[in-house]
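Next up is a structure, given as structure tokens.
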Amino acid sequence: MGTGVNLLSSLAHFGYETSILTVLPDNPIGKKAAADLRKLGISDRKIIYQEHNIGSFFVELGFGPRPQRVTYQDRLSSAFSKSKVEDYDFEKALTGVDIVHICGIALSLTDQTRKAAKKLAQVAQARNKIVCFDFNYRISLNSDIDHETMKKRYQEILPYVDIVFGSKRDLTDLLDYQIDDETELYKKFCVEYQINFFAGSRRSIVDGEKYFEGFLFHHDKIYRSSKHKLNIIDRIGSGDAFASGIICGLLEKWTFEDILEFAVANSVLAQASMNDTPIFTKEDVFGYIDSDGSNDLIR
Amino acid sequence: MGTGVNLLSSLAHFGYETSILTVLPDNPIGKKAAADLRKLGISDRKIIYQEHNIGSFFVELGFGPRPQRVTYQDRLSSAFSKSKVEDYDFEKALTGVDIVHICGIALSLTDQTRKAAKKLAQVAQARNKIVCFDFNYRISLNSDIDHETMKKRYQEILPYVDIVFGSKRDLTDLLDYQIDDETELYKKFCVEYQINFFAGSRRSIVDGEKYFEGFLFHHDKIYRSSKHKLNIIDRIGSGDAFASGIICGLLEKWTFEDILEFAVANSVLAQASMNDTPIFTKEDVFGYIDSDGSNDLIR
Amino acid sequence: MGTGVNLLSSLAHFGYETSILTVLPDNPIGKKAAADLRKLGISDRKIIYQEHNIGSFFVELGFGPRPQRVTYQDRLSSAFSKSKVEDYDFEKALTGVDIVHICGIALSLTDQTRKAAKKLAQVAQARNKIVCFDFNYRISLNSDIDHETMKKRYQEILPYVDIVFGSKRDLTDLLDYQIDDETELYKKFCVEYQINFFAGSRRSIVDGEKYFEGFLFHHDKIYRSSKHKLNIIDRIGSGDAFASGIICGLLEKWTFEDILEFAVANSVLAQASMNDTPIFTKEDVFGYIDSDGSNDLIR
Amino acid sequence: MGTGVNLLSSLAHFGYETSILTVLPDNPIGKKAAADLRKLGISDRKIIYQEHNIGSFFVELGFGPRPQRVTYQDRLSSAFSKSKVEDYDFEKALTGVDIVHICGIALSLTDQTRKAAKKLAQVAQARNKIVCFDFNYRISLNSDIDHETMKKRYQEILPYVDIVFGSKRDLTDLLDYQIDDETELYKKFCVEYQINFFAGSRRSIVDGEKYFEGFLFHHDKIYRSSKHKLNIIDRIGSGDAFASGIICGLLEKWTFEDILEFAVANSVLAQASMNDTPIFTKEDVFGYIDSDGSNDLIR
Amino acid sequence: MGTGVNLLSSLAHFGYETSILTVLPDNPIGKKAAADLRKLGISDRKIIYQEHNIGSFFVELGFGPRPQRVTYQDRLSSAFSKSKVEDYDFEKALTGVDIVHICGIALSLTDQTRKAAKKLAQVAQARNKIVCFDFNYRISLNSDIDHETMKKRYQEILPYVDIVFGSKRDLTDLLDYQIDDETELYKKFCVEYQINFFAGSRRSIVDGEKYFEGFLFHHDKIYRSSKHKLNIIDRIGSGDAFASGIICGLLEKWTFEDILEFAVANSVLAQASMNDTPIFTKEDVFGYIDSDGSNDLIR
Amino acid sequence: MGTGVNLLSSLAHFGYETSILTVLPDNPIGKKAAADLRKLGISDRKIIYQEHNIGSFFVELGFGPRPQRVTYQDRLSSAFSKSKVEDYDFEKALTGVDIVHICGIALSLTDQTRKAAKKLAQVAQARNKIVCFDFNYRISLNSDIDHETMKKRYQEILPYVDIVFGSKRDLTDLLDYQIDDETELYKKFCVEYQINFFAGSRRSIVDGEKYFEGFLFHHDKIYRSSKHKLNIIDRIGSGDAFASGIICGLLEKWTFEDILEFAVANSVLAQASMNDTPIFTKEDVFGYIDSDGSNDLIR
């Protein structure tokens, strides 16, 4: 699960203990993946080893007008996709955990991964954990599931989560909200599912230059970051880097303004780096914020 | 299909026109695989593009006492494994073809790949093509299919083939022949299925040194190569290199002795090279034979 | 012939069957080059193998103010430069061919390569093939041949070609036309040699930013593309990518506007990619056009 | 401390929880080293970060008659060498630990590292941990300390250890024992310092072939492994791989014969692999033992 | 000494004979370093080999908002840092030399390297060599030496030098000049220490774009270059590239305007290249100046 | 000239000042080659820069039965091959030189390179330099020159040389001596051309193992080294490594036995290393001799 790894790695580099709950193949490939996770600072203690395959994707790097291209392999034959609800011991996995992040991709894979995600949310909520959820909805990857089914899957898990990452489009196109005003839209969504925080990021182009910005909705109000200019090497994982920044800031109870600047800065740095997994420390991110992105040598 | 690629690449480097009939994913990965096939000299005209995945395997190189290790990924979710009999137009694919090689791995994947292999053999025989078949039977890869089913799958295809590559063990353990004498065993097998040639290779250890040798059975008689000392960099594909040598020699109507020396030499060279796909020309193989493997510089 | 390979590779990736008529050394280097051509999708069936050398060039990558630098090796000792007219069987080579592209570099190498180029043009015209020709005239590479000789070489081949790629400067400086107005100039040139299409591209700098644009002259009229901003990784081959786009568009009978946008887009993408050989599909190029170059992730 | 990392990595791959107590620089280099340790399966929880440098060594690979060459950098300016006894909280570090391994190199660096090693041994013994110690004495690296000082340093720590790795030469040349008979020599040594196990390995050449063997002394008796032929890629760390095998076997209470075969096999595999850190599992080592080193492909 | 190597390499590529006076470890690492110096065109004849260590630094490349990060290792344990004044034979080293460059870093390392630098300056001045000196003062690397000591070290060497590279800040913050007007400040400084030329460079940001410019102070007057836009790959060594340009221009007695444009151009090219050591020839630098940085292909 | 570079590099690593007299292209490729020569410790002061090409060769590594393969490019179009006698100022080039080595390959390239080699030998002899000469005669590279011409070319240069490297076959097959007894043969040859030393090396196979040995003929007597077992990574340059060892030993006036062991050891080490240019110091070679090739770790 690339997106989960990105988020956990970033939080690990911010100083948090992180642990991934997933399934890897019970062979040298699975062991190699676990070693790479440990290297990123993510504990491999909760990993389940079974089956033979791991999902993979191939990236063709882009540059300027040439887009980056990602080709997925084996999403449905991976050990994770083939896992069943009963493979997981959620009670045990949550011991000692304060906050849980669930990636929406689990809702698009199989009926079992969807059920496992929902059960994890339920168990976590029942045990008073903070539950985060990222829509991570990509139409191109879900062309074979009809809209109503997909929508229902998301609706079933949302009552159990506290912090949601997504976009306006997730609410209007996937959940079919018919509200155009963003404040009203997010308010309606958060009230309906008793969601505490709704946050998201967006890339835009002004005069041929690319910019990145984020928002955080809480208690009737949208807070917005400033726009930051992008220099992109690898834009995959930009949302994960933003989400890790938001989670870190909320846990440390910064002002919403500071949280948003931090999350956007983390994502801007991640997009200026090869590989999608962020490895920036708080010091790195604050260094970017303090120098307004103009510092180009640290020694 | 690694084994088929190895065989066709070797024949292409011997000067034959070769073409692969397989299924690759309809995405940049499939296109990349086709480009690599063309680079090896194998025509990509008959490739079918559909589905999303390609099978892959990871190799940890061995050295001396450290064995080479292969881990397979996605055998059953590959575009080839998911192909159906009706995806292939065998009549058209055989136009202009003199000889067809079918890899026994197709019998172990799915019911559809097995049926496709059998139908290809039938159509080819009906159109008077020479049909080759390689047992390629590996128990470790077929632990989930029971012995009788597996045996039956092989028995069904054998009546349609002319040249078979395999080992004594394939006949005794898979086909359940109870004959210990090799000549009698191979004779019985060839008569029963009207097989023209049965050939195979074997690796052995004498005083800690590894050797390679081959046999060719035809009309009541076993012909055997001399033993060649091995210096192994990558031993995967040794059987394919041997088989290509046999096919080349039979097509060129050399003496059985010459055919065996050529096939064994091709395999010895392939095992002394990184990567499992042989790229030796006839000139390379004859150079090895003529120098008795002692030539260490060509300029 | 780098420029010919670029053009054929691009057309091959647009879906056309392409074949190169050239001479490669009869040794492992020539075989390796042929394998690389096949990988690009260019047929190696018409390649002649003789002599020992291949031309090569070394590239030092540029960045921002640092220019890319190319150093040529062995242009005149290459197997192609040493080839003679009688080495080629043009009649046979043109069998089944609809369109022929001749690179002007052949006119600068030796008397024999010049004669071979001219004869190919003649035979092709006589057999009603469409004949394309690219000036590809670089003064720095021809310092040892006097102006009148060079001019005459170009004048001799032009009567046999239909589509010409070049620049205003090729007409004024090499062919000595004394006309400043572009329309009048191109008209005069096309009428004089009965040329159907004359096309070219140009890079310009506005406010420190680099741009790329192209033109196509046909029947008294110049059609011009819009200007596209460049992000350059490797600018070698930009003209070849433009030419392949024009040829593709003319063959598919698009509007001249569409042809120019396509050709320019293909070149802009090629300049944003390492290596001079374009490997973009029509889908890639249309994706760039549709997104106005702002799409930065495909998955 | 390369040797400690080798031992802990090997034990981690045998399934034990391992943790390293060392000092790394408090900068990106130290963090990178910790990430690499985690990747090897060694916990980085007990690492102390201070100072700026890390020791490093450069290896020129050998082959056949060309010896491998190691050049050390910065042994004395490394964060570990500059550490002081009071930097370590041994009581806390030993919490939850069953067995402690101390590398003799600490005795050769500085007075403080020597004192820290001794104190760790004392605290560990007092808390009933099993204490292992490896002489790791290399004259070439200690040319600046006089014999008597060096001898005394070793004599001071030995009373606190249970399992010792070393060679006959360590006892005769460093500790000045004047006994030639190995049994008598080891007996005297073990009795004098109340050592439970004394083990070591040795490389020898017979008819130009290199062999490896080991011994284990316990209660008046020397147990010896058989000799194993070596194919060397990288011989650094051969002693560490042997020591990890011995420790594993003693912990699992195998017969002394089995322990020795296992330890020697682990070392033989390590020497056939690039890099000095062993990453073989028990399954890998038993696979080598069972096949007598003749298995050359696992799939 | 990276900064000295950068300067000498650049001068070597401008056509000057250069030689480095430094200390390298007496082991394969020192020999490798000397070979790399020779490759850059710097003579290794005056290198002293002793001790075991070499200083090193690790660079994490930056991109856009992500700063480049440098981590130093072993500055104080390097063979150079451990050298003593008496290790050098300055009289002999200066034989045949016209100009000497001393890097200010020597003042920050040890008392001995400081004394050696001063003595070299004295001996060189006494023998009528031109003496250059570069402040190269970085507060972050000298946190352990108090301001007055550091200031005094610089004040002691300045009377012996003719050409100084530094910044306004070096004069106000390190030497405690209380003058704000640059002309007055530099005048006072040059008069006080009888300095002939004082030069420096500066990077600035305008509207998010980075620029580079330089100044040269001589006889009461500041000469300033124009501002040049930067495209940075690796900005380390930008000052060294500027200084080499100034030295080259002064030696060749160009106008101050030409000298400054040349020095800035050399630095702009160096910052657009990987690695901090400049390898541009005069022809490269003039090519950049002549094309105003817009030439992007040389062939 | 690969063979000359090998010899000079080896002598440079033995502590001698070496300088190459050759022609390199006057472009970035020539400058790069010169930098690589300096790195090897060979002075580039006498190199002449003109023309555009450099000779190159491509090596396919061998292993065990797979032979190493070398493909030459551009031998005759290289700047060296195109050089003329008058391009060289031999008088000046020999200033300060004690010993000159001439590679026989110059006799096979062009009439001009042959004349240059002869003239260099003449001038050197006239100025009392020691002149070495290596037959370096390879029939496969000289198929286009008839035997008598080739023979005459060698006969013309031999009167001017003192130390000759070659083989029995060079004397019998090239120079047409009809003597089978080696002592008589070498005596006749040395007397005829007043040659002081004739030396050569030979590779042989015994029981499938490869061995290397050398001889040195002086004053009626053949001295022979012992046979040394070979472990080959790259056998190109084995003769050059042997020749450098002989030259070093003769210059240092060791016993003939010691000279031969040293020369053979240097060659055995070179063949166990990637790349054909030897970089072993005397210490390395003596280390091999002293340990009888059994030392496999230096630290």
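Read from first to last, the chains carry the letters A, B, C, D, E and F; within each, the first residue is number 1.
Heads up, the rule we're going with is that contacts are C-beta pairs under 8 Å (C-beta built on N, C-alpha and C of every residue); 3 or more make two chains touch, one makes a residue touch a chain.
Just so we're on the same page, UniProt names per chain: A, B, C, D, E, F = 2-keto-3-deoxygluconate kinase.
Keep in mind that what you see is a predicted model, and the values were worked out from it rather than measured.
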- In the chain contact graph, what is the shortest path length, in steps, from chain D to chain E? 1
- Among the other chains, which touch chain A and chain B together? C, D
- Query: Which is it for copies chain A and chain C: same residues on both faces, with over half shared, or different residues?
  - Reply: different
- Using mean Cα positions as chain centres, tell me which chain lies farthest from chain A. F
- Note on the structure: Larger contact count among A-E and B-C belongs to A-E
- In angstrom, rounded to a whole number, how far apart do the mean CA points of chain B and chain D lie? 47
- Calculate how many whole Å lie between the centre of chain B and the centre of chain E, each centre taken as the average of the chain's C-alpha atoms. 65
- Using the average of all C-alpha atoms in each chain as its centre, how far is it in Å between chain A and chain D? 43
- Enumerate the residues of chain E that touch no fewer than two other chains. 69, 71-72
- Message: Is the chain-to-chain touch network here best called a line, a ring, a star, complete, or other?
- Response: other
- Which two-chain combinations qualify as touching? A-B, A-C, A-D, A-E, B-C, B-D, B-F, C-E, C-F, D-E, D-F, E-F
- Query: Any idea which chain C residues touch chain A in the complex?
  - Reply: 228-231, 233, 268-269, 272-273, 287-288, 291, 293-299
- Message: Applying the document's contact rule, which stretches of chain B touch chain A when the two form their complex?
- Response: 27-29, 52-54, 58, 60, 69, 71-74, 76-77
- Message: Could you list, by residue number, the parts of chain B that touch chain D in their complex?
- Response: 62-72, 138, 140-141, 205, 208, 210, 232, 235-236
- Note on the structure: So, in the complex, the side of chain A touching chain D is made of residues 35-36, 38-41
